[in-house]
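Pasting the structures in now, so scroll down.
Okay, so subunit A shows up in both of these, paired with subunit B first and subunit C after.
Here is the complex of A and B:
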């Protein structure tokens, strides 16, 4: 096995180990979308009428509609959590071990992204399992097709987290950034309401939603959940991933100065 | 190809503040070099430059004959680093921490296991391989990190104030272990602000306000007055 693959495997295993050890993190990651599914969606079911739009071929419940969006939410929070841990690791020193490896820095950061995305997929699988037990199910083919879509979405949102972490110098600055990222990204998307519904509220809002890469990621997951490929959504999501990852890796360029003066 | 470490004309600034000004010195292969300086002298900045966490706008750093700017992978592969801050996962065992590090250097399987055993043996830490890193005392944690820095068989060992926070016995033990490594042929750069960690035969570089004030054998620099008074006189008593 090549040195790069050995490092990738080690980073993946370490992230998986952390995931299994930090049970509270896993439970928190699941409770958040489940509250939206079982409380928020139940309350909104009567208030929000949904017409038949692709990929749906019949009337659906609101719970069914927001299921892909909540998978996106899991990926979004996971990406931000990874970003927070990157900032923490950098401040506390653990990141230095990674950055002083002789392997290319972009590869090591990419390995971190993959590890984070795999964790997001596992969280989504658990979430979809609970939703299925509750009766909110996807077509059988959807359970297979949704996995790569979630992985791509999680990679893109992990790359966004990487980009943020490369721009944030201190942990104290992180809470503010989270508020300015998570809330707009989530609410200005098709996760909770379809774009046509948003357009009724205002064309500008609808356009902002359409431009949001998170919307594209959610639509990628939504179509995949019904065994369909939404190629424009796939293209935009991959493009956003490449852009965020490139800028994020650039942010970790030693020439740009990641560490603070300590004497 | 020359081994050891060569630093030529390296400067670094944080905004308008100069942290290092035209630093030049060399550490021959197999030598223990103490980089002595008060807090704020620029030691950590120099370490960040040596480990490529920062890149100097001017000057050249050669590690074991490799130009750090041109072939960073080769230079970093020849280097073992012990950072001032702990850089291990406290929840993992000593062995798992070392296995993770080995993988970051492309080592796995039996080869990694054999090298880890040898490195732990070298630092008298083998019996602690199964212990959780969190449960180790400060001295053992440092020895674990030094063992970790040896796994990929570097030619050059960098230690940034590795005895910070240790009691006197642990400090002595860690210092002795690293001197023994240098005696076996390892090139060592040991940053410290404590004069008692420098042996008379060590190479000594005194750094102050981002400049090299002295470079030579510790015994020669110390002169008849001894190292501590000389160091205090050179740095204006800021030790």
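Here is the complex of A and C:
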């Protein structure tokens, strides 16, 4: 096995170990979307049904509508959490150690992204399972097709976290960034309400939502959940991933980023 | 040349597929849905305000209540051509074809009568006084009893089809809209739109044996207005369209309890099983579409746009060759 794969496996195992050992983190990651599903969505139940928009073929309840958006939410929080752990690791030394390895830095960061994304997929699987027990189900083909879509979305949002973490010097600053990033990214998207609804509120708001990479990731997940490929959403999500990852890796470059600023 | 001839023959042959025929009340049209592809394949013009629709036993003719044209139209389903009109009385809304395939029992909403028309002679056989604003019509499977429900009088009127005389009147809840006999003819079910219930009678003595009540979490009770309904082929379930509640209720016919509510389009009015009984098609008036329900899972699978205010639906199986 090449050194790169050994490193990838080690980082994956480390993340998996964290995932299994930090039960509170796993439960917290599940409780958040479940509260949205069982409490928030119940309040907005729309018992009379939401209008038909693709990929839906018929009328749906609000719970059904927000299910893909909540998978996106899991990926978003997981991406941010992962970047938070990067900042923590960097402060506490584990990341410093990792980054001093002779392997290319971009590869190590990419391995970290993959590990985070796999964790997000596992969290989404657990969430979808609970939702199915509650009676909010996808077509069978959707349960397979949604997995790669969630992985791509999680990679993109992990890359966004990587970019943010490359700009943050101290752990304390992170909470502020979370507020300035997570909330606008989540609420200015199609996760909670369809874009046509936003367009009713104002074209500018709808345009901002459409430009938001998180919207594209959610739509990618939404279409995949019904066995359909949303190619424009896939293209935009991949593009955003490449952009965020490139900027993030650049931020971790000793010649340019944080290391330089710390002297 | 032989291939060309084959192609021409194929092109000239009507599509061989089961079809759902849907009357569009405000478009004066019928939308024909191919059940296999679940797409509208034809739109056929009718008289004004088409509502009730039913096929003759051999499916060679389709009868359409053109309410505002005050007639029942007889159409050739192959060509969409109107063959003739029937003397229906004023404002025909719903009707039912007697098992003899010859007599139509028509509710004349404005005249408070039920008109019996012989479709072969094209003559009115009888006009029977019933309650005010008759709408729902049913005939027992043995053909001996016809039912008219009157919206304002809130009654089911029992008609002896041999004498064309009323022999019983039974009270139901407010604004009865639709009546159906069970397949064995032992029970009559009558839906009440404003009352929000279905009353169940035994046919033998016209005695009320139970009521079906509905309640959907999150939906105002006033919006729950049962209208059209159909029994499953095995008779264990009744599917009830609940009007502006936008749901179809699945009722256990033994316990009279609702087992499930299925979300469909806006103001669901009537419904019908596909010829192979695998699907249910509901007409959703306000949203102008038809929702298809998988009868095996009771899950909605698709909503198909049709004309404005779809009202009635009837099934036409694949023509036999």
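Following the convention adopted for this analysis, the second predicted complex is superposed on the first by the 253 of 263 C-alpha atoms of A that agree within 3 Å, B and C clash if a C-alpha of one lies under 4 Å from a C-alpha of the other, contacts with A are read in each partner's own complex, and residues count from 1 in each chain.
Basically, contacts are C-beta pairs under 8 Å (C-beta built on N, C-alpha and C of every residue); 3 or more make two chains touch, one makes a residue touch a chain.
Values in this document were obtained by computation on a predicted structure and should not be read as measured data.
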| query | Touch check for A:104: first (subunit B), second (subunit C), both, or neither? | reply | first
| said: In the superposed model, which partner reaches more residues of subunit A, subunit B or subunit C? | reply: B
| query | Touching A:20 in the superposition: subunit B (first), subunit C (second), both, neither? | reply | neither
| message | Just to be sure I read the superposition right, which of the two partners does A:53 touch: subunit B = first, subunit C = second, or both, or neither? | response | neither
| request: With the two complexes superposed on chain A, say which partner A:7 touches: subunit B (first), subunit C (second), both, or neither. | output: first
| task | In the overlay, answer first, second, both or neither for which of subunit B and subunit C A:179 touches. | result | neither
| query | Where does A:61 make contact in the superposed view: on subunit B (first), on subunit C (second), on both, or on neither? | reply | second
| task | Go through subunit A and flag every residue that touches subunit B in one model and subunit C in the other. | result | none
| message | Please output the residues of subunit B touching subunit A within their complex, sorted ascending. | response | 14, 17, 19, 39-45, 48, 51-55, 72-74, 76-77, 79, 81, 83-89, 91-92, 99-101, 103-108
| remark: Counting only contacts in the complex, subunit A reaches subunit B at residues 1-4, 6-7, 9-11, 14, 17, 21, 92-94, 96-104, 108, 254-255, 257-259, 261-263
| message | Taking the touch rule as given, give the residues of subunit C at its contact with subunit A in the complex, in rising order. | response | 216-219, 223, 245-246, 263-266, 291-292, 300-303
| field | Complex contact set, residues of subunit A against subunit C | value | 45, 47-49, 52, 57-61
